[in-house]
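Next come two complexes, and both contain subunit A; in the first it sits with subunit B, in the second with subunit C.
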Partner chain A sequence: MGYLQAITILSGCNLLAVMGMAVLTGYTGLFSIGHAGFMALGAYMGGILAKELGWHLVPCLLGAGMFSGIISLGIGYPAFRSRLRGDYFAIATLGFAEALRLLLNNIHSIGKIRLGGAYGYMDLPLLKDMTFLPDWAVVVLVCLIALWVTHMFVTSQYGMNCIAIRQDEAAAQMMGVDLLRTKLLALFVSAFLAAIGGALLAFYFGYINPSFFGIQRSSDLLAAVVFGGIQSLIGPTITAILIVAVPQLLLTFAIYRFIVYGLLFVVVMVFRPEGLFGYVQMNSRWITRLWRRNPASGME
Partner chain B sequence: MDSQTPSSTPILELRDLTVDFGGVRAVNSFNMAVAPGELVGLIGPNGAGKTTVFNLITNAYHATSGQILMEGKNLRGLSPDRLCHRGISRTFQNIRLFPFMTAYENVELSIHSAPQYSLFEAFVRLPRARRKQQESRARAHQLLETVGLEKFAHARAGSLPYGLQRRLEIARAMAASPRILLLDEPAAGMNEDECKDLVNLIRQIHESQGYTIIMIEHHMAVVMDLCRRSRIYVMQLGANLATGGPEQIQNDPQVIKAYLGERKNVH
Partner chain C sequence: MDWELFQQQLVSGISIGAIYSLLAVGYALVYSVYNFTNWAFDGFMVFGTFMGFSAIISLALPLWLAVIISICLTVALSVTVETTSYRPLRLRKAPRLFMMISAMGVNLAIVNTLNLIYGGLFRRFPFEDLEPIFLGGISIGRMDLIAMVISAAVLVLLWGFLYRTKLGLGILASSVDILTASLMGINNNAVAIAVFTITGVLSSVAGLFFGMKYAVYPTMGSITIKAMIASIIGGLGSLPGAVIGSMILGVLETLVAGYISSTYRDMFSFAFLIVMLLFLPNGIMGKSMEEKL
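Showing the complex of A and B:
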């Protein structure tokens, strides 16, 4: 049971970041290959708020999210303002994540706060001690709330503007969509969610290390959205869980995971460029649609 | 509507509008003054710079020099989304709908491109956000009905036939509640019957909504019919060639030489 709980928690943390990616990449069409950086910001900030300032769980998570979100605006503003094409924004996020990882690797302490550099930030409060609920239940609860809120966002007028930008940026602007503001908003929401995932991860382990947030994790997050499907929340949700759970359950084959990833990437790109569940909205209909579509196309 | 009086304050005025692309002067000291509520045609041979003028008005291209005035106020330098909120809306020559949205969503997006409720209200769907969304839903359906697309409200825009996509573009442009509507070849690729329907549609929305409309069009029948009580601007090589009512234009020797003469040989 403990094993299953661990998988639940890990995939939950992953799911939060993937939801963020879904908003940014799946809905707004902006690619980030450094989203682990926002998780790292959330993990360290959450750790600082909880350990050094003794905050409770909810304010810790919100604080971590806000911090990461605000930093993300600092990256997004110059990138979007100078009308860098999408791929340059992706490079900017990559640079940010790597720079952050190296910084964290080499900063041993800020004042009295002992971040520990490459050894990692230790002795953080544990999730199970921070609330009266079991830790896996907290993660599931946070995921459900985040899923609901994100669903509300993408179906709101703000979310529609994001979708319009992905489908035709110039037309969206002509129809009155403020590109800069909408993109920054999507980035903020996605960094916020990723940070909450990172913070929960920190509280689960009670310890974090910069190497948790390498490029590998960033590409896992992107992969979840590309596989899961653009303009869909439910698709990335499923793949986010699979991406954590499947290698864990088939641990002996875990080393072959990258070969499988590579193959899957190519197959998905060729046969379903919109992803497995592209354009599938989260509502009750997807269950029946899933049922009908699965045997027909025989995917996965 | 039939304002032959350029003396009233123009709602849109272009003064010596010029743009260079590298060494090519695509628009050369172009002048235009449109009175409120007027329906003006903009014609000219291929490559004359008609669409470029639209792109300059909406600031998709930045003008090299000259002035773009809306009711006397300078519009140059405002971003396209700001211009849209100021009341300038357009359709595109090569249709640019949001192909994976439904027809309804295309129109609805344009109604609320500046969201009318706060982010927090969006997250928790407070009653106000829900009411705003209902309002825009009603208006979107009404607009779809205006252009005769109510049956296709939930069809994916990209899957609609060409003619309907053009109508949907008009509905989407109208959804932004413009005061000036720029139509870029609304009748392109349409047969004669479809053209007649389109003329009726444009006349109807012009008369019922009181828009100022500037229309680029190659179908002479469409332009001459719609602009019969107003004016047509003729462009050649980026500059003004002639301006006047349909009769006047059709009998202008320069226009015949540059434009209609060639077409007469074709037909």
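Showing the complex of A and C:
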């Protein structure tokens, strides 16, 4: 049971970051290859707030999210203002994540705060001590809240603006969508969610290390969104959970994992660029359909 | 400031810049024609190095034969990747980012397959250490010198190919406007195969040098990120820019490692990348890279 809980927590933390990526990539059409950097920011900031300042869980998560979001604006503003090509933005995020990881590897302490450099930031408060709920329940709860909020966001006017930008930037601008503000908002939301995922990860382990947030995690996140599909929340949610759970459950598969990812990237791009669940919306119609007497009537 | 130490650093910087420039030119070439960043370069380079390494270690072939085998196999891989993973996307007129993702996938698959086969160990080419040459007060490693000379020769050959042959001019024309070029009777598929043959050769040569200079290991391809940074400094899509950018990056990096600390070397490169992207996205010699309508 503990094993299943661990998988739930790990996939939950990834899921939060993937939801952020879904808003950024799946809805707004901006690719980020360095989203693990935002998770790292959240993990370290959450750790500092909880350990050094003794904040409670919820303010810690919100604080970590805000911090990461504000940093993301610092990268996003110059990048979007100069209308960088999409792949330049992706490379910039990669540079950001790598520079941050190397920086964290070499910072041993800031004032009294002992970040520990490559040894990692230790003795963080544990998730199960911070609340009265068991740790997996906290993660599931946070994920559900985040999923609901993200769903609200993408179905709102802001979300519509994001979709318009992904489909055709020039047309969106002509219709009066403020490109800079909408892209920054999407980046902010995605960095915020990734940071919450990172902070929860830190509180689960009670320990963080810069190597948790390397290129491999960024490819995990990107894989979840690319396989999950564009303009869909439920698709990336499913793939995010699968991507953590499958290698954990089938340990012999784990060594082939990145080879399979790699080939799947190519196959998805060549044969099904909209992803496995592209354009599939989250709804509860299938639940009501289960209750109908005649399932066929719900199919139209 | 110690003048001799500075000169020494300059020479080391240029020699690492020479290896970067081979890779950066490869990035720039693909970018100039197809407008996407060929992330699979990393994989090509590691593949080429391991093939050369295996030819020497397992088959006990002489060096020149191993180099030829490595180049041929890498070219075969590069062209196969082009026809299976990039061309279908191009024909469908998919967004450039899709090609980038596809290339990342190819890269992940190649590097991890090699990791599975060879393991993550650091290996060395079975060469004895060559005596460095002393020029005045500075020493130059012979390997560095060979790398510089051969890189320069490869770049000159490439320049000759691009500007003096029909196919090379076809590539240059395609880099201006691929559609018009094909209307003018330039065979698009021949251009694609030529471009990816060149990138195969460049990545294999660069990989062999890098492997001989340092070590052979599956994640050695991470230096291609440096080459990408170099080509962005020079202006993506510009071949002379890629060479200049590589030299600048190589020298600056060595100076940072020498005068500040080698732990900050990579961080400096990435920070430099971000500063370049944010404030001078067109690089030193690049065309305007703003998104056009």
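Keep this in mind: the second predicted complex is superposed on the first by the 284 of 300 C-alpha atoms of A that agree within 3 Å, B and C clash if a C-alpha of one lies under 4 Å from a C-alpha of the other, contacts with A are read in each partner's own complex, and residues count from 1 in each chain.
Heads up, the rule we're going with is that a contact is a pair of C-beta atoms (placed from the backbone, for glycine too) under 8 Å apart; a residue touches a chain by one contact, two chains touch by 3 or more.
Only a predicted model underlies this, so the values are computations on that prediction, with no experimental measurement involved.
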First (subunit B), second (subunit C), both or neither touched by A:Ile91: second
Touching partner for A:Ala170 - first (subunit B), second (subunit C), both, neither: both
First, second, both or neither for A:Phe253, with subunit B first and subunit C second: neither
Subunit B versus subunit C as contact partner of A:Leu222, first or second or both or neither: second
First (subunit B), second (subunit C), both or neither touched by A:Gln231: first
Subunit B versus subunit C as contact partner of A:Ser156, first or second or both or neither: first
Contacts of A:Ala79 with subunit B and subunit C, given as first, second, both or neither: second
Which of subunit B and subunit C A:Asp178 touches, first, second, both or neither: first
Larger contact residue set on subunit A - subunit B or subunit C: C
Subunit B and subunit C contact sites that coincide on subunit A, given as residue numbers: 170
Parts of subunit B lying in touch with subunit A, wherever the complex brings them together: 58, 60, 79-81, 84-85, 89-90, 92, 96-101, 105, 108-110, 112-117, 119, 122-125, 129, 132-133, 136, 172-173, 176
Partner subunit A, residues of subunit C touching it in the complex: 36-37, 84-85, 88-89, 94-102, 104-113, 116, 225, 228-229, 232, 263-264, 266-267, 270-271, 273-274, 277-279, 281, 289-291, 293
Footprint of subunit C on subunit A - complex, ascending: 29, 31, 33, 75, 78-79, 82-88, 90-92, 94-96, 98-99, 102-103, 105-106, 169-170, 219, 222, 226, 255-256, 258-259, 261-266, 269-270, 273
Touching residues (chain side subunit A, partner subunit B) in the complex: 149, 152-153, 156-161, 163-164, 167-168, 170-179, 185, 231, 279
